[in-house]
Structures are given as C-alpha cells and as structure tokens.
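Structure below; questions to follow.
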Amino acid sequence: MSTVVPQGRRPRRITAGRIGVYAFLITAALFFLLPLWIMLVTSLKPMEEIRLGNILAWPASLTVDAWTKAWSSACTGLECNGISVGFWNSVRILIPSVILSIAAGAVNGYALSFWRVKGANVLFGILLLGAFIPYQVFLYPLVRIFSMTGIYNSLPCIVIVHVIFGLPTMTLLFRNYYAGLPLELFKAARIDGGGFWTIFLRVMLPMSIPMLVVATILQTTGIWNDFIFGLTFAGRANLPMTVQLNNIVHSTQGERAYNVDMAATMLAALVPLVVYFVSGRWFVRGIAAGAVKG
Amino acid sequence: MRLKTRVSAYTLAVALVWNSGALAQQMKAEVLHWWTSAGESAAVKVFADQFTKAGGTWVDNAIAGGANARTAGINRMVGGNPPTMMQFNTGKQFDELVSNDLLRDVESQAKAGKWREIMPKPIVDATVRNGKFYAVPVNIHGQNWLFYNTKVFADAGVEPPKTFPELIEAGEKLKAKGVIPLALGGQPTWEHNLFRAVLVGHGGADLFRKVYGARDQAAAKSPKMKETIELFGKMRGLVDPGSPGRNWNDATALVITNKAAMHFNGDWAKGEFIAAGQTAGKEYGCTLVGEGGGKLVIGGDVFVFPATKDKAMLATQDKLTEVLLDPTTQIEFNKKKGSIPARMDVDVSSMDICAQKSHAVLSDPANQVEAMELLSTPNFSGAMQDAVTQYWNNPNMSTDAFIEKITAAMRDAS
Amino acid sequence: MDTVSIQIPSARAASTQGRRLLRTRLPVALALLPTALVVLVVYIGCMVWTVRLSFTSSTLLPKLDWVGLTQYSRLFMNDRFVTSAENIVIFGVLFIAGCLILGFLLAVFIDQNVRAEGAFRTVFLYPYAMSFVVTGVAWQWFLNPGLGLQKVVRDLGFPNFTFDWIVSQDMAIYTIVIAGLWHGSGLTMAILLAGLRGVDEDLWKAAKVDGVPTWRVYTSIVLPLLRPMIVTATVLLATSVVKLYDLVVAMTMGGPGIATEVPAKFVMDHLFERNNIALGTAAATIMLICVVSILAPWVYARYVRPQGRHA
C-alpha cells in the first residue's frame, strides 16, 4: 500500500512542525502495535518460556512451531488440521454474502435516495434501529423461522443471515453516498426514458465503484470474523474458519497453548488485512468521492 | 404444548427423509461436544476410536465453550435436525429438554448395565429424571482439589495444610518466604469455585447442600456460614494483586513455575501440569482440604441422546452407550481427560496418583458431595457467582452484606 | 433540492399517467419488497418476540406464559444490571468521544503528506481485523501489574511506579476504554481521512492566501464539512458500544467483582449460560428502549420526516 497519493498540502522542508507530525504518528503507531508485538513474540515462544511471564521479551528460543500447528495440525476434538479446515468454507460463505449484501444495500440506498415510496423511510428508520440490537437476541426466533422454511443449516441459510444483518449498515452507506450524487444526473436519465433498473445498472452502479470498495471492506471484515451466525446457521458441513479458531483459542477446562492461540488469531486476520492492504487507496478515495458532498 | 407438537412433527419429517438413506450409512454418529483443547481432544479420540472399532462412524462436531456448544445443539434439536449424541455437564442443564420430550431415555441400557449400582449416587441422581436415565455419565470430575507445589512447600519447610485455618497459617509462612501462597484465576467462575471449596471443606457437606440445593436461608445466616465466609475473606490476603481477570491456566502456570504454592481447581487442571511435563505426586501434589479429611465435590460430563424415531439412529445410540461405558474405554478416556471413570467397578491402578486418590475417597459414599451444577439451576448458580465475586473483590463488604446478597439470590433466582 | 418527485409532463392524459406510475413505481416497490419483508419478519418480528418473552418465566426454552412485570422488577433490583448500565454510559461516552478525537487527530496528521502513509494507515486499521478473544488476552497481560507495563517500568529502576487499573474496581472500566480505542479509532480515522481527502483543494488555497493558520482551517472550516462523516462514524461506533461484549469477556470477565459488567454481557450470560431467557430478554428490552429513546428523535428528524432527498 505504498501508493502515496499526492494530496493535502504541498511537501515541506524539515521543520519543527514536521518532526512533531512524525513524532505523533510514530507514538500512535507504537501504541497500536504494542498488542501485536506481544502476540507476535508470544507466538514464537515455546510454552515453557511463556509460563515465565516475560510478555514483552523477544523469544530466547525462537520457534515457528506454533504457527504451523495453528494452521495445520492443532487438534480440536477429533480434527487435527488447525484452522485451515474452515478456510474454504469461510471463502464460500464470504463471497456470496459480501456480493449479495452489497447488492441489497446498493439497491435499497438507490431506491431510498432517488425514488419516493410511501413508508420507505419508516422502513429505513426501523432498519437503522435494528442495527443496535445485540445479534444474539435474534438467534432463537431466526432458528425457528429457518427451520420452518427448511433451509436451516445450509450455505444459503448462512448467506441469507449475513445479508439480513448487513442491511442496516449497507443501506446507510449507499443511501448517504447516492444522496451526494448530483440529482441532475438522475433527472437526465429519467427524461431519456430510463426505468428503475436501467438507471441503476447503467448510471448508478458504474458511479458507485468507490463506495462498492468501501462496502466490500466493511462486509469482508464483519463476515470473515463472524462466529456466532456461522455456528448457528451454516450447518456442520459449512462451518467457517472462526469456529475452528474459537475451538483453538477458547476453552473452559482445557489446558491452553497461548503461542498457538496467538498465531491462529493472526493467521485468521490475514484475509481482511490483505483486503485493507490491497484496497486501501480506493477505500479512502471512495468515501471522499461521494458522501462528503451529502 | 405447541412447541412440542411442531418439533415432533418436524423430527418425524426429518426421520422419514433420513430413513431412505439410512441403510447406506448405518451407525453413523454425529457427536456434539466442547472438548477442544489438546488434552481433551486426545480424550474424545478414545471414544471415537472405540466406536469405530465397534463398526461405527464417528462424525465429530466440536464447538469450544460449553454455552456455545449447548446453544448450538439445543437450537438444532428445536430446529428438527439434532446430532446423534450431545454433551452436557452432569446436572440440571438438560432438565427442560427432558420435560419437553426432546431427549430419549436410556433406562433399559441402564438396567441391563446396573448403572445404579456401579455409579456414585450423586451422579445417578443427576442423570435420572422421573425414574429413568436420560443421560450417560462418562466421567467424574472432582472440583475442589488443592494442587500444591511440592518444592515450594519443602523449601519453606511447611506441610501441606489439612484444614482451612491451617491453610491460612501455612499461607502466611509462605508469603513471608516471598512466594505467592495461593494462585487464583481472578474470574467470577474461579472465585466462586474457591468459595465452594471453602464452604464444603470448612462449612461441611450439609451446609453446602443446604445453601446450593435447598436454598435454606436460615442455613445461609448460620454461625457456621459466617465463620466460613470470614475464612474465605481472609484468603484474599494469600492471593497476589495481579489475580483479577487472570485465566485459570495462568494461575496454574504460577504453581508450575514455582512462583506460587497452592491452587484450588478441578482435576482438569492436571492437563496444564501434564502439558508442562510434570507428574502428580512428584513436582505437584493434590489434596483435599477440610474438616474430617475433606469431601470431594463431584460433577462431570454426560452424553444425551436427542429423541428420534429413526431406527438406524436408535441403534447407533444404543451402540454409543455401550462404547462409552466399556470399562477399558472408561479408563483410557479418563486418563486423558483428567477425571475418573463414572463407574466405580473398574481398576484404577494404572491411573495417576490424584485419580487414584479420587477413586479411593469416593468409595466411601459419605465423601461424595454433589457439585453445584447437580444441586442448583444454572440461574441460581449464576446469581450466587455474582454475589461471591462482589464479596471477594470488595474487602470492605461485611459478612452480613454478603449473606444478604446470598439470601436475595435464594429468593429471586428461579 | 429537497425532493425528487418526478414531474410528469402535464400534457399527458390522466390514464397514461396512471399506467406510467404503475410501470415506474412497481419496480421500486418490488426492489424494496425483500427489505420490507426482512424488516417486518426479522427486525420487527424479533423485537416483538423479545419483548413478549420478557413477560414470561422462560428459562432454557422459550415458553409463552405471562408473569407481568416480574422480570423487570428483578432486573432493577439486580445490582449487576444497574452497574452494567452505569458502565455502558461511561464506556460509551469515553469510547465514542475518544475514537472521534483520536481518529480525527490521526487522520489530520496522516493527511500532512507524510511518508509511508499506507503503512501508518494499515497499522492504525489492523486491530479492526483481529478477533478480540485473543487480542484481549494480550491486553490483559500488558495491563496486569505482575506481567506488563508496571513490572517492566519497575524493572527499569522505578520501584514505585504503579499502573494497576485492570485489577482495581474503580479503574478497570477505563482499561476497557483503552482497548476499545485501540480497536475502534482506526476505522474512525479511515472514515474521517476519506472526508478530509474530499475537501476542496481551492479551499486550502484560499485559506493560505488569507493567511489563516492551518489548525484554524481544520477546526473552523474542515470540521463542519466533515459532519456527514462524523455522523456515519458515530453511528458505527454507537452500535459497537451497545453490543460491547467480546472485549470485556476477553479482558476482565466483568471483574474485578462486577466492576466491568456491561448490558450485552448480562443478556448473553442469562440467555446462554444461566438458562434464564426471560430475564435476558427483559434486559435486552430495556436496552432496546434506551436505544430507541436516544435514537428515535434523530432518526425521525433526519430520515423519516423529510421525504425524499437529503444527506
């Protein structure tokens, strides 16, 4: 992500102010990196060394065992395949869920911003309130609803659940984004005889690319890290990686291998990190292009 | 009840669908449990291997965290797609599943296997509902063991304590030597576990049962209770300031690394010692503290079988029952799990010294004390935990204020 | 422009207008139908279900009896719930304000055309991608007086240095805030940075010409322009305040004592650990009422009342 976009004020020479800027940023970076440092050195130590409790010290006997174990050989019940087991399941859940939830949010945002539908704003108001309810409250009734429809414990089930719970944020994002687009654009498209879908697909969608990237980042993080929905709705065959991660790091009565826990957590975070890294520049430009004007 | 009829109709529908493919996949058992740590995984493998040997296919469904696993399993039962077999803790966790006809009884197997004779009475009582066994107990965990570092005690020239007043005295001596007398995982669960160890050890089994089982408010206000609470309060002085929030594993590590002398925990803590390469009776010892040699608070794990009309699934469940309680399987499983066999009629001489001690203590029924999970609802246990953690963390709270919280919990918690 | 009612040329006949309305409105209605269904069935349905259960005596499985306000009186007698409510206010105010301030500062400093901007941005954003179950352990260790900062500074030769907030009943909640800031301010930074990047270059040039100091431009001109971004960030932060759970479980388990208990944990414990669905849903209902009463006026004023076009 080394694409430094030449923006902001023009570059300056080294001044006291410049030093101050870097001093602040580096101090802040140290604060942010501190837990990562603890996790990294812990993941490279054998358990005997971890028990001694020098949490900040560099490993005396460095080992990457914990990393290979976390990825491919840690036992959680009968399975001894680390967190790699659920990786492809997570991907299978992630891709359709991200695409569909963004599509739903984009269509909603578009309909709410440009079209007048009675009650649509009440709808949106309730949706927004829904974003504040702890997910766990929904679990039981949703299980009942899904088991009545017969798709409970399947890939479509978990995807639908992610779409449902992505609706509030996604709708909010796109609604604000489209609200920032010039209305004249929409009017011109209407006069040209464009219908609801034509305008959306031909005019709005191509203009939404920056926002689509933002939404992808938000949804990827949320869905990739989801544990409770995957566990409840995905079914045994589709359990996401976070279930394995939880099996490794969360234990009530079992002994704990902190080095493996830490390595597993860092490994599990790689996918969203890569998404941040790759799309970082669009992420920032994305919001700037739209919602700011709103 | 509406819920019931809908569920059973659904189960039936699922069963019909299943039946068509049942012949092809006979004795395929999906087992839901929360044994996910390395030691626990090794233990569950014993069951799986034995089941495979008996001709079955074990489909393992491990979900860490008891609450997570139970919720997932219950949701699936209600959703009409239950696993073949599912873990619970011995006790009242599955009461409502029985009263809603979601579980199958295993009374005929229990009669044939004479479970009532070979298992300790508290365990039998905790699995029998309306005169029928609704679960298969697979192990017994002792919850109130004192683990101690033999080297630290020897270096300080102190004997491992036999009673709680002795323990506090020994603790002060150890403290003077610069070690942490008592390592405690400062989370509500473990503070509560410590409280129960003191209550059963100093207050006695009767008081323990009256508080957690009968919710006897008079007992909660008795002089013996007050004395016990004061003793418990004094133990704050034996714990290091870093205790709050600490995971129990970190507390055990303090004993393993000679930084702390004593640690109360269930026998599952042996897993940490074993992982660190230590042997019971050598680097660390285990003992029961309390008047009259100490009582053992016992709980454990059971497996339940979701109700089904599918013949193949019923046969699979029968086979599983047989495998779980096979004497050799019981010994091998419990060696790995850190517990002792649920059946008392097996030879435990190949187990570690702490397990042998457990077995010996339990052979006298007078030493068997039902764990909190067996005596009280999860809700009341939780309310007690809230009270205990507040008292433990507020040195200024008076004994009476604590008792007031306990009696309030007794009144309110359903 | 406030509304976007599409004006049909008046020359058209009324019947054509009607047909045309149908042709244009139908797809809109169809497009919103799935969302409407979800809102009705899932969001409203589950809210009603939750409220209904809070008037029952449900324990492990929901049942539909009626016990009136029993659960609510239990709830308000429960000192843990009361503490939870106080904690969430402390946490909410400090966390949202802290994230906005820190996020804004980070965004402004990153916006100074610094080297390795991408690296800084990723460093500030990475906590957002990490599961709290384990990062909480790292924080717990670092804050533990026997393991972390206090020990390190004392070992460096300051034997009187004390930093034991996490084990103190009065201060532990602030350690949750610290870890929360670590987790949440990166996202705030990203959103606000995006806002900053959208500020017109001409505005900066004009300010420069007028000799306005940079900090004044930020506080007096840029900050008001960022309002929509700040609103978006605040909404996102507020939802995570209400749902605060993982962080507390990983760091303190609600302790010392009940000093860091929060409402979502109360709900979770009662729903899933303690087989007390009724009390858990009563707590969830109270949370819902609080959120609605704080948010409803804002949502109404901003999104419901003005039909059609607005930010």
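First chain written, first letter: the chains are A, B and C, and each begins at residue 1.
What we mean here is this: a residue touches a chain if its C-beta (ideal position, glycine included) is under 8 Å from a C-beta of that chain, and two chains touch if they have at least 3 such contacts.
According to UniProt, the chain labels map to these proteins: A = Carbohydrate ABC transporter permease; B = Probable sugar-binding periplasmic protein; C = Sugar ABC transporter permease.
Remember, predicted model here, so these are calculated numbers, not experimental data.
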Checklist outcome for this item: Neighbour overlap between chain A and chain C returns B
Checklist entry - Which two chains meet at the most C-beta pairs? => result A-C
Item to check | Averaged-CA centre spacing for the pair chain C and chain A, given as whole angstrom | outcome: 15
Checklist entry - Quick one: chain B and chain C, Cα centre-to-centre, how many Å? => result 38
Checklist entry - Which chain A residues sit where two or more other chains touch them? => result 53, 140, 246, 249-250
Checklist outcome for this item: The positions of chain B in contact with two or more other chains are 68, 71, 78, 247
Checklist entry - So which bits of chain C are touching at least two other chains? => result 62, 137, 146-147, 272
Item to check | Of all residues in chain A, those that touch chain C in their complex | outcome: 1-11, 18, 21-22, 24-25, 28-29, 31-36, 38-39, 42, 53, 55-56, 104, 107-108, 111-117, 120-138, 140-142, 145, 164, 167, 169, 171-173, 176, 179-180, 183, 186, 190, 195-197, 214, 221, 225, 227, 242, 245-246, 249-250, 258, 261-262, 264-266, 268-269, 272-273, 276-277, 280-281, 283-289, 291-294
Next on the checklist: Which stretch or stretches of chain C touch chain B in the complex?
Outcome noted: 57, 59-63, 74, 77, 79-80, 137, 140, 144-147, 164, 166-167, 169, 172, 251-259, 269-270, 272-276, 279
Checklist outcome for this item: In their shared complex, chain A is touched by residues of chain C numbered 1, 3-6, 23-25, 27-29, 31-32, 34-36, 38-39, 41-47, 49-50, 62, 102, 105-106, 109-131, 133-135, 137-139, 141-142, 146-148, 152, 182, 186, 190-191, 193-199, 204, 214, 225-226, 228-229, 232, 235-236, 238-239, 242-243, 245, 264, 267-268, 271-272, 277, 281, 284, 287-288, 291-292, 295-296, 299-300, 303-304, 307-311
Next on the checklist: Under the definition above, what is the set of chain A residues touching chain B in their complex?
Outcome noted: 47-48, 51-53, 74-80, 139-140, 143-144, 146-147, 152-153, 231-232, 236, 243, 246-257
Item to check | Complex interface listing, chain B residues touching chain A | outcome: 10, 30, 33-42, 44-45, 48, 58-66, 68, 71-72, 75-76, 78-81, 247, 249, 253, 256-257, 266, 268, 271-272, 274-276
